[in-house]
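Going by the order they are written in, the chains are A, B and C; count residues from 1 in each one.
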């Protein structure tokens, strides 16, 4: 990795992981023209770190960690498709958060804030995105969360 | 606001609100290159107007009003990021509707039609979009609905 | 239909259907600039083929068929908006899968693989996309699944 964003990540003490292998005919991140789409999960060293539902198996504090890890994985997969040069990111345009929840769970916003905060820590104003957060029944492999990012690339 | 779309809104008796403040490191609408992404909720004067689930706390008639209000908020946030000039919208490319529902709720399509109808009322054929509507467990702040719009901007 | 992709579809024995009529002010596929967004459902000859939830009314084998049919419908609607010339597709950038599920359902990934596999069968490496799959409470008209595709068009 090279550039201003790489230096910022170093300051923050964040090491971007290589993207986890996908189990199918798809890719961790797709770049075409000026648009990159990335989908990632709370996976660390190839293993699901947070499984189950927020409000039950996953606590709020764990949920916040989960969102941060997932957002870091988004940046890891994005970096890989940009050959390590995150300075090409002109904007984080959008984050979409899907959280597996119990019917009683209320803290979608607090969880997703961890992901939004990371984008602004890393990219500054270029990291300010439009976002949605929704509570779903379940996700593949019992994942607690998925984040989809859309980035504008120079 | 200026231009043809502003005149059309006036004919329809629609006053676009300024976007509600967001509670985090994100923005109501993000414009980069030719793409604008907007996420909005059924908020009026800074307060959630429709909370709870359609099929229970929110009736069908209320759901239709909810979708219309949310779509108006989408246009309000879009207008703000375009400095009030909605004539720059070449196309409403996509609407995504997330509705908090009970398992028995069946009227996703009727609810979302209120949002789709508004786009065509305001933009004419430029307002015809691809769309999805899904029933989810819950949304942040107990919102009954979120709409994400994607617009192509000249 | 003409071109290399049309020939590939013929080899695969796939006949793309015309898009099902939509019941509202929206369109099966929207193309603007280089971006096409398509939303489709498991509809055959104008009728819903798979209704209900995976894990209950829809078996895993049916779910895999459902995803394949839905993905074929995505290509049908895309083809229609490209005047039959799928060679203009530079990339399938993204697939999003919304599956109506029971709380116990675990096979989101296997179901969605049918859709991902189809894209790679048809487009080769251009068909490798970023993807998400989520389990939701319900979908319009009791549909078992919706797929949204995003394509980069030359």
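Assume contacts are C-beta pairs under 8 Å (C-beta built on N, C-alpha and C of every residue); 3 or more make two chains touch, one makes a residue touch a chain.
Since we're looking at a predicted model, the values are computed, not measured.
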Shared interface numbering between subunit C and subunit A [over half = same, under half = different]: different
Superposition of subunit B upon subunit C: rotation angle, C-alpha, nearest 5 degrees: 120
Whole-Å separation of chain centres (CA-atom averages), subunit A against subunit C: 25
Of all residues in subunit B, the ones touching two or more other chains: 35, 96, 136-137
Residue ranges of subunit C in contact with subunit B within the complex: 23-30, 32-33, 35, 37-39, 96, 98, 136-142, 146, 148
Residues of subunit B defined as touching subunit C within the complex: 34-35, 90-91, 93-96, 101-103, 105-106, 108-109, 112-113, 116-117, 119-120, 127-137, 150, 152
